[in-house]
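In the part that follows, the structures are each spelled out as structure tokens.
Heads up, the next two complexes both have subunit A, just with different partners, subunit B and then subunit C.
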Partner chain A sequence: MAAHRCRYLACLLLLFLSVILVTMSQETTLGHEQHELVIRPLHSGDIYASFQFRTVWETDFMKGNKVSHYRLFPKSLGQVISKFSVRELHISFTQGYWRTMQWGQPFIPSPPGAELWVWFQDSVTDVDATWKELTNVLSGIFCASLNFIDSTNTLQPSASFKPLGIGNGTTDHRFLRYATLPREIVCTENLTPWKKLLPCGSKAGLAVLLKSEKLFHSSFHSQSVHIRPVCQDRQCKSSSWELRQALNVVFDLHTSGQSKREWSLFKMFSRTLTEACPLASSSKIYIDVTDNPQEEQFELSPATPLLSQAVVLGDRRTFSVYDLTQQVTFGTVRSLNLMIRWKSSEGDMLRPLLHAERYVTGYGLQTGEIHTLMYNNHPFRSFPVLLLDSVPWYLRLYIHTLKVISKGKDNNPSYIHYQPSKDRERPHLLEMLLQLPPHSVTEVTVQFERALLKWTEYTPDPNHGFYVGSSVISSLVPSTVAMETNITMEQPLFSSFFPCKEESSYFARVYTEPLLVNLPTPDFSMPYNVICLTCTVVAVGYGSLYNLLTRSFQVEEPNPGLAKRIANVIRRMRGVPPL
Partner chain B sequence: MGLLSDPNRRQALINLLTRLNAPICFVCYFAGVAWFMGLAFEPFTLRTYMSENAMGSTMVEERFPAGERALATGREFAAHKKKVGGMPVDWLVKTMQARGLEVFTQSFSRTLPFPDENTERYVVKGTNVYGILRAPRAPRTEALVLSAPCTPGDNNNQAVGLLLGLAHYFRNQVYWAKDIIFLVNEHDLIGMQAWLEGYHHTNVTGMDWSPLQGRGGSIQAALSLELSSDVVTSLDIVLEGLNGQLPNLDLANLFYAFCQKIGVLCTIQGKLQRSDWDSASGYNHAVQTMMLMVMKQASGRPWGDHGLFLRYHIEAATVKGVNSFRHYKTDLNAYSPITAGIYRLTRLHQSYFFYLLPSLSHFVSIGYYMPAFGLLAVILLLRALDLWVQLSAQPSRTEDGVSNPGVLSVLTPLVISHLTGAALYMLPVRFQEVAVEHFPVSETEAVVLTAIAVYTAGLALPHNTHRLLSGEGTEMGWRVLKLVALLYLAVLLGCTAVINFSLGFILALTLVPAAAYVTPHVPKALSAFFLVALSPACTLLFSVFFFQELQEMPVSFQDGWLLYLSVIAQGMLDHYLYGSLVFPLVALLVYPCWLLFWNILFWK
Partner chain C sequence: IPALQTRRRGQLAALSIAAVVIVVGVPLWWRTTETYRAWLPFSQIKDLSKLQLHLSADVEVVFARGTLTPEQQKKLPLTQTQDEEHAVDENTVLRYTHEIKYRTATIMEEEALGKPTAAEADLSLHMLSESPCGSSVVYVIPEVSSLLPENVKVYIGQRRTAILRINAEMRAGKTVEQLLAVLKPQIKQVLQVMSFSHTDITAALSDRVRFNPGSKESMTHSMRAFTSSPGYEITFSLLNPDPRSHRLHWDIEGAVQTYIQPFLTKLSPLANFSIDSQMLHYAMLGVNPRYNNDRGAFILHADSLAHVINPVEARLGSNAASSNPVLNFLLYVPDAQHSPLYIQDHKKMDVPSNAFHSPRWGGIMVYNVKNLYGPEAEFPVNININMAEVMGVFLTQLRLLVGMESSPPPPGFLVAPCGSVGLADWELDRLMWSRSVENIATATTTITSLAQLLDQIGNIVINDNIAQQVSSAVTSVQLAVAELEAGNLGFALQYSKETILASEKAFFDPSLLHLLYFPDDQKFAIYIPLFLPMCVPILLSLLKMASEARRRYREKQAKKD
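Right, the complex of A and B next:
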């Protein structure tokens, strides 16, 4: 008995020890957490706040080993990527359109509505079925209508979406699926599940600022989740999973500030910061002060001695850094409330090097034309762009009318991938590689015909119109750093003869606005009227025609008189033939 | 249907129809007119109601504090306009930018086919300025337009002031779901046409415009402001657009609902609503209102800047501030919430697109007014039936007929009258230079007088030439021709009435008696006078006088004639500038059809 108990105790002890050992080992290897908030005062006087939460999970189940311990990595997502053999997953929910002309380039671009693109591992045999299942699961996780993704809005782009993580194995685009839902409306119900994925939830650290009533009182709101494999170390012998949750929001201080041009964390988020998330290994706030070296544009308080420089989107920017893991940052009041007071007035519109717009032309409900304009505002360099256009099947593209014109001349794409649509099955897919000449507008036009849908295929409120998702323009844009003429100031002469520098161009993705297209729509009170009318017409028309065809016409004998009829009755009774 | 399959009864019916043809036609005609006049009687019409549930008017904030400021902006605008001597583009751009809009300009130029003497313009160059208020968290798929024309002289400055005031007010609101475009268009309709063509990248009328830089997606609705005084006593809504198109009735309902809610006087056709519908004067008032609408709709021209939007399936109306009812006084502070309220618009599709309004609170839908036209059109069919019966009865008598009328005898007058029509359409504008060289007239006069000359020459042409080509006309010849002409007219009027009821009805009112009555055997001189009096040109002349009478601005014959000439010129300009179809319809189809009847009268 005693021996028995002893053994039992030993077992317990062993178990306990092993648990401790495991957790300790995972403490050191199982990933880390980075939190970041970048605030950029924009030219237009708006404020751009970009949150990024990065979780790295140093485990590798690409080879199929089951994992049950997740720690910082959200289990719901971990299970999804392991179950569906996802290599990379990018999902974004956006409410509003990023105004490139006023705000410049965003850190993480996204189209209005929902966007999802997934690279599956090579081991997946039936990609379409997996994709279908995956969208339904994600729909549940993010409380979004991703279950409306089906074959009619799913694409397989051949070139526009390359894996962003380490690419072991092929990048065969059979394993890629891309879909957008331009009509998706993003609201608090999508924000809450997104916040739950964070290690501290919205309880501590930067995430306390994510108050939905403020975030949705803005000009632009976008939240995204990006999962990709990254290298664990320099040799890249093993990979780990990186989860990035990003939330971009632009506040319009004109409407909320009552014409006072100043803002603070409290004004924007109705919260101040008191601590970092204890699970985060780093937690920082960056404030873009590039345009403001001598504080002539705005005044920032409290001041920070920490400055950092980085090349962001081809432009050298300077940031004031607030490290939330340092107690000093919070000062004596134990809370951080950053404030900016503007001094200058609203600026003009920007001329970003690359921007695009798209619209439908023409009138009437039969045909139309889609115009996509791409602006290259670089004074002397041309650069290539990859245009991805997806159009639903009910707009039947006349692909022979496709025209690409820059500066009044035809611009021949060096690569075209076109997949025609199939009615009720798949959309049109058009990918083109184009060279945008310097300082030019390139116009891509294609005509289409509006299809007449079956009456059950109309969406609710069909008179509102049908959405066509944004086109995607992926490009290598020459960076402004490379444009600098006074490069000789800082660098030795021998280093700068050839203009090709390491960061001479940067990758940018621009989304155009979605389109709202009216299709010929029946009056839905009509079916009843039509049924009545057709029944009447058929009955009357067919009836009389049938009558005329089948009736035999005879000349009717005049009616015999009464006396004659009586006489006939009497004759019949007598057995004599009637008169 | 047994009626038709039974030969005896069919014969009886046909006999009845042929025997009583003339009385039935008379009855139909008067029934049609009576039905039409009855449409203005209030108990026969429907009350207007909002069909679109989403457009409840309860959400509107009723205060617009910046009325005074809008007037001040209007005065500032007027000063700059005077200084520049046209549209103060730079000032507008700066002002709109200061109000937080994305501002763009569009330049356009247009050479008119002939000088417009009413507005004294020939080569038009101008610039439109528009600013887009981007709705927060909206993906640029939908937009609404608020426009105010920049008219020369002292007109409409307050409208621009109000537009800028509203822009400022709207900028500070957060609830917008659609981008709002604030447009100040130069040269009224021409500027608006240029902007709309630029926005939709179409070119219907051959205008030169520079492409637009900024857009807001598909436009859902538009409102145009016209306001020329600091004090506003009532608001007038104008609905009639290009080619007689009307915006969705919900737009008018919404306007009416807001006016009722805020307690502002509102009018349509400049006429206040009256409650005494059962008195003779009350009925008379309703008839006047409805007839004004019919006349305006029949003209096919846009009666405000909104009229051009309708082509693009954008519901639009013009709201005019009127300062004429002296007893009532409101200020801009009341004007604006209405526009602000209307700016919750969505795509309106629920209510009627075809209607007549005898007052703002009552409407006549297509189902009610079409019978009036149907009663007139049925006369043509009855006459055609009569002729058909006569024609099918005849061959038995002229079995050995020397001259069975060939296709040629029908075709020749048809072709000749259509050629005359084509000449009426083409010659006036083509030959203006020649005319100006040889006669002491201006270009506009040349065009109008050429048109009248061609029209009159057409009267002489067909009945002389058909004989040259196909010999003597027979008794049967004119019957076949008349049968064809009657059916042609019936189809023509039917199609016109479906698209533009008012035009179809007015044409039917005059052409149907002429068509029904005319044969070669009536007294020539009297009938010729009768026929000319009922011809399209004379219809237009009467309409001009009638319209002036309705507007309570009667004119003398002299002025009326001058007005008539300018109306012809305007009609042609509307066609060339905005694509109005009334001029080609009359010149290419209605006039030739009338010529066929003229031809029958002089059949020999």
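Right, the complex of A and C next:
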């Protein structure tokens, strides 16, 4: 059994272990800076804009020398990395849910709410204490409630989250911590510190477009920070730090466009571009024109002669490129306001190769069932997925009811990692490696029982329900074109986030919806009512017992009648002796 | 009769119920609702509120050849003690003791004093013997010595030595006692500079003793330096508001290694320092400097400097990794349109360093680069910043902010330049004296106010770890005071740092707050429904019994009469 399991683990590691990501750098010690905006008209008619800002810092944290002089790299994050011996840090804040069915795959996926995963260096002795301190510091830096991350929502996934940068050998998941806060609301106060990390702030370059009143008036908003070590050169003798800040936003043009299907930079962001950030070595805008080779769908103005092709998410896409470092891009008016006018009104529905959904069934407040559905839309190829489910302790999973069914038959997972919860200490963790048959739906169901919380453990609005974080589905999806594995080639940022090892498939991560589950909720004035009621009962019982014990009982003279008493009162007033 | 018997039984029952409630119920309720309060050394803390600080330092006075006659040499006393006592306020008393040892110079010392210059003599005397922390040595040399320049009476070296020249008439035909009496005020003056002085020590007590504010000058002076802390973070920031025209390069690593690190290494017994630096682009000052046509330059007047810092501060970022105070040093390179930029003081004169500092915050220096390139230069211009110039200014500001004052020496004194380290040994000693006293003063106030608070508010839980911190703080205070008295400056500072850490930890422990805000009305709301219906019948029957007993007693008395 053990040997069996080992083989699976080895297989897993082979599958999901990320390869060395080599990044060529042109400049010397100062580090360099790349800015990029990708705009993709979506099939649903929405617009997907994805900003990426990448800072590379040629210094070696790993070798333990204390680095404290910062140039392009923000000091606050640098201090965090060196103080907490972080090897890799990924944090994302997302408002809204990415609709894979309508929008396809995002360049950098993220679940609703806040997500944080960190690989620590193997020199860290007390990982849990460091993690606790780190979340507190990060919550200060990003003005978010990351301080609510504690042992009850922290996981140590064994296979789903492998380091994305270069690793120095170990991928021991003892040094990994993963947590999500699905309840977290993302707003301006999170955007401002995020913008502050950019070397040009929001003063120049692409970042001037990041106006919060427009960004948060959208269907989907996600901002993230990814720090990882990358190679400095092909030989990878020395490493450097890469900081990627990504911001993805989907604008709903039907509601904001006054029923006209056209948009411009100014309409989306209420700004136009006039210059690139002078610190950036490259600053480009890519517009996805793959579906529009002859301008039959939309018209792009100003037109650009620059076209580039890139393989991204298993597909070869064509982009119109605007290089902001060239003065000619801004034309005679010295300002760039990109515009798209649609010609056709409807696009057809997308069928992404992999997507997933999740929901809760059952009635009443005692038991329920979680259903996770994973769709493989590839017509003839099956591919493996890793499902990571984390369920809070107050939903008690009945793991014996776990069922995986595809095409009406049992689908035995080749690897299961299950860690039962401990009340008030840690959540359930369920990881499974599954093979999705071609053109199928795979359904994972598991039953649970709802626990009764202590009255201080309820949130301020308990009748709203309790969130359960998204499931994470990591997968190697078959690619329709040969993926770029030549890692030394200069690639645009949006296609180089997940390292790619083989030509025939690409790595994709899909998040399901978070769940909202109702727990049995008491009436919260109850404790005091109970105190009052029991006290009254006790007092009544005690009182009668007391009376019984202490009073002496005597036969009493019968009461004089009412008429006699009144007569006596009158007689007393008259001064006559009573009857 | 049976009626009387049942009455009697009822009374007994009521009495026994009351007894059960009092003997079992009340203690049970008391024990279960008690807040945990560990034992604190209240009596020792009370002693701390009366502080008697006794500072003592060793001084060696060495007479060189030719200063004493052989007869005087024979009668030279071995030691002498100088004592001073000041009552700062009713609870604080300061006592200073200088233990003065007299001796004649050894042959090696004579040789060293024969060097051509005072600086060389200072160095070779230091090589001969290293005097311990907190002590000082005064060499008395004859007037014929050529060691000191004409009008200089006293030379104060870079270490812990001073060279004092005495005149011929001062010693001619006098006994040793008379000579020493003449020397005494001069030595005292030297010690005022090299060792602790009363003004320094009282300034260090400011946390404990409230002085009536003196002159504005002394106020700003005492507010300038950072308060004592176990560690400091030093941040150098290069502000480039115009990266489009200027591409700035500064070799901060090298500059820190060369200029700042030696200074901080020397200061390391006082506190831990950590250094970092950053570059901030598009960081503007908060005020618009005015253009002066005559000068062809922009002028930042001293009055507007107060408004400069706040907008910049938002960009500096707080220190994520520690909670020590941060010393900020900002190098501002004005943008091409607002260059050159000069700072003017209140008298409308240019500040030569073009820099200013803000008390307990840091310093800002304006670095003009306009003259480094011609009008035909192609933007962005690459500019290398001259770090020697910048670090000279920052080091001076750092000295001020750490608490090193550079008050002018008394007339006739020559103070050796502080050299590459930027700090003489005796300056460090002075700082250590005042920091030890400051730490002790702060810790005693913290502990006494914590004890007062805990005494006043009965709701606060006192955990064992807090009691332990308080006890260790109290022990360390006592040790620090004892070490000060013994003249072991290094240990005194060490203990005073420990006490301040322990006392702050106890004072700011979050566990103190747990039950602090549990209001009394809520408590009563919970108690009343249970206690009122239970206690009222017991009380009533007890009252009834008491009144009956009194009546019977009176009847008995009446019968007796």
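Basically, the second predicted complex is superposed on the first by the 488 of 579 C-alpha atoms of A that agree within 3 Å, B and C clash if a C-alpha of one lies under 4 Å from a C-alpha of the other, contacts with A are read in each partner's own complex, and residues count from 1 in each chain.
Assume contacts are C-beta pairs under 8 Å (C-beta built on N, C-alpha and C of every residue); 3 or more make two chains touch, one makes a residue touch a chain.
In this text the structure is predicted, and so the values were computed from the model without any measurement.
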- Touching A:Tyr546, do we find subunit B (first), subunit C (second), both, or neither? second
- Item | Touched partner set for A:Tyr458, first subunit B, second subunit C, both or neither | neither
- Message: According to the stated criteria, A:Cys535 is in contact with first (subunit B), second (subunit C), both, or neither; which is it?
- Response: second
- Message: After the superposition on A, what does A:Phe148 contact: first (subunit B), second (subunit C), both or neither?
- Response: neither
- Query: Which partner does A:Phe266 contact after superposing on A: first (subunit B), second (subunit C), both, neither?
  - Reply: neither
- Tell me which partner A:Trp342 touches in the superposition: subunit B (first), subunit C (second), both or neither. neither
- For A:Lys196, select first, second, both or neither according to whether it touches subunit B, subunit C, the two together, or no partner. second
- Message: From the superposed pair, tell me which subunit A residues show up as contacts to subunit B and also as contacts to subunit C.
- Response: 540, 543, 547, 551, 553
- Task: Using the touch rule from the top, collect the residues of subunit A that touch subunit B in their complex.
- Result: 95-97, 99, 101-102, 112-113, 182, 216-221, 252, 254-256, 346, 349, 357, 359-365, 369, 371, 463-465, 467, 513-518, 521, 540, 543-544, 547-548, 551, 553
- Task: Under the touch definition given earlier, write down the residues of subunit C that touch subunit A in their complex.
- Result: 3, 6-7, 9-11, 13-14, 17, 235, 243-244, 252-253, 274-279, 281-282, 315, 317-322, 380, 525-526, 529-530, 532-534, 537-538, 541
- Message: Show me the residue ranges of subunit B that touch subunit A in the complex, using the header's touch definition.
- Response: 1-2, 4-5, 7, 97, 100, 102, 134, 136-142, 171-174, 200-202, 215, 217-218, 311-313, 346-347, 349
- Hey, which residues of subunit A end up touching subunit C in the complex? 68-72, 74-76, 79-80, 82-83, 137, 140-141, 196, 199-201, 203-204, 275, 278-279, 528, 531-532, 535-536, 538-540, 542-543, 546-547, 549-554
